[in-house]
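Across the two complexes that follow, chain A remains constant while its partner is chain B and subsequently chain C.
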Partner chain A sequence: MGATAEVPTGTARGLGRRPWVLGLLLALLGVGVFFSPILGTVSVSPDTVLRILLHQVSGGALFSDPCAGASVPASGCSGLIEIVWDARLSEVMLAVVVGAGLGISGGTLQGVFRNPLADPFLLGISSGGTLGAAVVVVFRIGVSEQNLLLPLFAFVGAIATGAVILVAARSRFGSVETLLLTGVALSSFLSAVLSLLLLYSPTGSLQVDFWLLGNLGSLDWTQDGIAFGVVLVAGTLLATYGRELNLLQLGPDVAQSLGVDSRKVRVRLLLLASVTTAAAVAFTGIIGFVGLVSPHVVRRIAGNDYRLVLPGAALVGGGFLLTARDLSLVAFPGTLLPIGIFTSFAGAPFFAYLLFRRRGASTMGTP
Partner chain B sequence: MTGPTGSALRLRGVTVRFGERTALQDVNLEVPRGQFVALTGPNGSGKTTLLRAALGFLTPDAGSVELFGSEVLRLSVAERARRVAWVPQEENPREDAPLLDYVLYGRYAHLGWLQGETARDREAAVRALRAVGLEERAGDGILSVSGGEKQRAILARALVQEAPLVLLDEPTSHLDIAHQLDLLSRVRELSGERGVTIVAALHDLNLAARFSDRIVVLSRGRRVADGVPADVLSEELLARVWGVVADLRRDPRTGAPYLLPHHLVRPAPSGPGTFLGKGPVHVVGGGGSGAPYLRALSEAGYRVTAGALHLLDSDLETAESLGALTAVEVPFAPIGDEVRERLRTLLEAATAIVVAPFPVGPSNLPNLEEVRRLLGRVPILLVDRPTGEEWDFAGGRARALLAELRRGGARPVAGAAEMLEALAAEPAASASQ
Partner chain C sequence: MHLHDPSSTPPPVRRTVPLAWFVVGVIVAAGVSVAGIATSYALRPGSPSGPLSITDDLGRHDTVPADPARVVVLGPSIMDSMYRLGLRSHVVGVDCYAPSLGGLSSDYSADQVALWNLSSSMCVETGPTFDVEQLLALGPQLVLAATIVSVAAVEQITQTYHIPVVMLQPATLTGVILNDQLLGEIFEVPGASSSLVSSLQSALSRAASLQDNLTANGTPFPTVLVTYSADGNGYWTFGPGTFGQSLIELASGASISANATLPYPELSGEQVLASNPEYLVYGTGFGINESTYAGGPFWSQLITTQGGHAVGMDSNYFTEPDPTMILVGLPQLIAVLHPGSSA
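For the complex of A and B:
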């Protein structure tokens, strides 16, 4: 035997397994997080931003006066620190966390439904979560505990939508098309309810585009922390199911014959993906297509083993949303536009491409 | 195999219903360890349902299924996977994966939570790939290999699963004849070398007879036959369960029985495009007397059967040229029990019987005796015999039988044209089945 375990590596696309790509993605994301606060709605010189960041990260050890040489506003250096650290960096971190949550949810949903077009936005889970969160805002439920109630209601909305999708997927009409159409119908319906709710709310119609198009602004570290905590815990749990998702790709029955409790695992994964999505959208509103695009990018560069796809989709999703934020600020300096506009600009054509490719290729049958 | 005790598989009074339809009806089955069981029966007879019940995929409406002494539904999904492996008829993976990884999926039930595959697991996978002749293809994607290679990879996966029982559901249905033989030979080896118990649903009775120790026949959800291939395979079984008339032969080298399916005696349960023609109509003749009627029937769209005839009889030549199924005896010998049995099968399958004006002697008198058994059950047409010509060489017994047939309702016809008219008037005889 001995050297017989030496086997040729795959040449076909997606067959190779390249775990090191994840390390590269993580490094890139770190660089992105560090440099992204340079961009913002008010002008602060890049070197000042980086000095402030290093000052804060080192606990004040580096650059005892990070604002030296900069045009300091009336509030003094602490005002600048507030802009860079509390406003920009928390915004940057939120972009990464939300993107990561949507990315890993998308990867999970694609695996659970064995469908490359599944995505928390297209399946209506994002809309369900957002609707839940919006209910808290519109009806002014527990104003002082909104940081907790927003995600909680978002969980309820997202999980309820997930349950409907699961029922639709289980019915005897549970083809790929049925699943997507159910999701699109649910998504539209929930968005309509959301719009109606917001238009007639006392807070006024300005909120509508905030919730429907996604927004990263006006958040603080507490909200970041909640989103980060939930996405980290649920996302880590999701990432442990890579092997089960690999086996589910053979079909639920085959997976079960190999030892995966398909029904239990699928329900659990859908629940976790809903929670992750809810945490992502609770403070930001609907941000589309991140969950669709990210897993596909990972498959291309790291291989299609779900043990890599899930963590990879989180990293790519975080990077995707961060890039969207930065591009938005470069293209329209001075304002942070709803972030969902940018993700849809990139995501919708990609969706069309996947749909087209799927039609072109011989269909692999329905699940 | 060490480990759990008891028979590899035991079904006790298993009944499974899907809504109105009963897929399995009170099925009892015990498969001892190490046996290769071929499970067979027509489409919809319950083969797949039985396998799915054995895998714990469905809950029977009544009865229980045990794997090595434990009720399958009480075992955890992982424990089931350690006891029984499955080779499905068709598998459509959604993601490409190298064959080696695909085979390694079989190790899942043996690995702990988050535990990666060890070098031992990978070696086992490579060994399994070698056992199915795919070692060189280990790095190729499952979506890029041929159907036969995919089936072999799935078999390799079942090997590394190390389950003492392997269930195969029509594993050869998408394979050509060479790959069918190849796959089943490998399964046979597996069963022999490793003492693995095999239950394989197989459409092909000849493959089943050739490779299995035991054939279990299901029909409409019931176990209707069970035993060693030589005992189970019979023309009678084929006619009864599949509605197919077939010749049973024996492989001169191995002595194994094999069947030459011929035609249908009743329509297949479903499926469009099965044009069967009318009949079959059985012609009793001999010495060239049956040939005109066989030809006329065949031209009119009837399927025909003939016999019993002696070898070298010109009627036999005609019948065979028309693709008719026949009962044949060696020349000059009286019709023996075996040929008589076959004649009976053909007569019972027929929608009408035509008795040609053949000379009757002691050796072929059983033809008329067998026809008499069917009086009142199918239309019998007696072709008029020319006057003044002696034809009863059986000492009057032939005349007596013919008279008895006439009294019992058999209808005389003057010739081929009148025979066809008479058949057309019999809806049961001429119905396109």
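For the complex of A and C:
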């Protein structure tokens, strides 16, 4: 895959042209977060859901009996509150956090590689994360702490894979092509190790399958908080590199002449993108296409300035994953399907569209 | 059908090892296992109706209420024990695969659904994603979980929602008996529990007696292939460390896959032909029947070679570590492999 990006002209103009887009995306995401908990696998009326949300947000000041008049399950009103607040809202928030992490990572990698087809899973980071998770499941490590150890091992696996890529990036052979090929080779190797491991543990295979398909269930506020913290810090740092990414689009030599140490910046960006992706993969498994699609959506509506593209991709990514979650619950009521299936349904046609479009012009064109 | 992956089961029968010593070894090992696991199941002394402190099959510690009225059972093997102990009325939820796609029928056979009076309103999705919402809506006081539930999901149920979970994942057939004893303690049904345990032990004793007799007479164990699925490449079967293999050994059979490298290997048609098993037992149920095996390599030759010794059996008997495996599956397999025996 070669570098096909065109040079973004007038970075200041790009930012000044449509900064309101970020505000609009943020507002839309907020609305989505508020209303998405209406959808779930257990039937709860929308007004009851909203009453519970307002009751919880206000610390109990509003709607002292949020379940009044509602059809309460066997678990009673406290069970209903747990369903809406602890199970659903934490799932909704995780969708936003993970989507945002994948979106901003995708935008970063497309900029680093100057390739519109780059995405967070291209470098084998997800394979490393999956192998880490599989090790915990297959060898039954730390049974009583597995809900935290599993994402921890996945995170370590993903980071370790990212570290190999970083070593390649720092070497004198660290061209874009070398990095991509290293990622592909690593991904294949790790997948082979995973398959071998699972041959010895069919029950582990069942659990790792969930991981490979990506899912938002079985998590809680603690895990949400950890994912949010990592994605917030790494994502914020990534967003500060918008100017450097803009200049990198001019080519490493030009960027160097304009004061950007392209190799050093590239390594830093790969590190941060790896951490962000690892945090996302660690809690939800592999969710494809969010990182690929989100930056392109932002470019379509806000231009190519990376100072807009990166935060915009985070907001679009969060919204994309949230929408996928909601649509899956509408399409298959009462069933929690792996969310990765739905993002791929939306992402695969978009990927094909990009491929066709590349024949004529770059999708990373001028703003 | 769920494949269970026990970490330790008795070693496979080897014809070169004196079988009498093997049987003695199994009995001693079983005794040691019973003593060890029984210790881990030691219940907290005190009021018989007070909460119980339990260490489950994965070594997790949890406190469960005595005789809980609302129980969610995640695993057909546990449901089998609950039913046989007369505890069906305590069960308010069971595992399902994707309620809007497969639902109950993915995890439970039609016979089980009818016998245990299960309904879709009891569904708790355990696959492809674990759905905690459905579990919470049922308001369980206790969750009993088998291998189909991820440990991470179990820990979430326990730590976030403070619902006690006992994981019943026996590694051996002895573990099945111990789990039934444990359920008897939790639900305070000592009579039903001891009756069931007695039946299970009798079935195992009869199998052991048959082994003793065959060994004493110098009669070799018949070779057998037990397969649970087939495709164009070969026949999927049970390797060392699986319940399927344990059942074959208890039934005084010599599995042709006893020395396989993997727990659930696929034997090629060539391997099966070369082994020339005296008996061919194929698993049925959940959409798999004899026509499935007809697509396997050399099936017609194998059937012919067996001379009528090819028999279909419910796959659950080999894969679900529950009382039915011992009370129904084991005698059926013995009847196939040793038609004249009274075991």
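Definition applied: the second predicted complex is superposed on the first by the 280 of 367 C-alpha atoms of A that agree within 3 Å, B and C clash if a C-alpha of one lies under 4 Å from a C-alpha of the other, contacts with A are read in each partner's own complex, and residues count from 1 in each chain.
FYI, a residue touches a chain if its C-beta (ideal position, glycine included) is under 8 Å from a C-beta of that chain, and two chains touch if they have at least 3 such contacts.
Since we're looking at a predicted model, the values are computed, not measured.
Of the two partner chains placed around the shared chain by superposition, chain B is the only one that A:Val260 touches, whereas chain C remains out of contact.
By the touch criterion defined above, A:Ser188 reaches neither chain B nor chain C. When both complexes are overlaid on chain A, the residue A:Ser71 reaches neither chain B nor chain C. Touch criterion met: A:Leu150 reaches chain C, while chain B stays clear of it. When the shared chain is aligned, chain B comes close enough to touch A:Asp305, but chain C does not. When the shared chain is aligned, chain C comes close enough to touch A:Ile83, but chain B does not. Within the superposed three-chain model, A:Leu213 lies in touch with chain C and out of touch with chain B [touch as defined at top].
Of the two partner chains placed by the overlay, only chain B lies in contact with A:Gln249; chain C stays clear of it. After superposition on the shared chain, chain A has more residues touched by C, the comparison being chain B against chain C.
Across the complex, chain B meets chain A through its residues 55, 57, 76-78, 80-82, 84-86, 88, 91-98, 100-101, 105-106, 108-109, 113-114, 119, 122-123, 126-127, 130, 138-141, 143-144, 157, 161. In the complex of the two chains, the chain A residues touching chain B come out as 1, 4-5, 7-15, 114, 240, 243, 246-247, 249-251, 253-254, 256-261, 304-306, 364-365, 367. In the complex of the two chains, the chain C residues touching chain A come out as 2-5, 58-61, 70, 92, 98-101, 123, 125, 127-134, 136-139, 147-148, 150-153, 155-156, 159-161, 262-264.
Across the complex, chain C is touched by residues 40-42, 73-76, 79, 82-83, 86-88, 137, 140, 143-147, 150, 199-204, 206-207, 209-210, 213, 215, 217-222, 332-338 of chain A.
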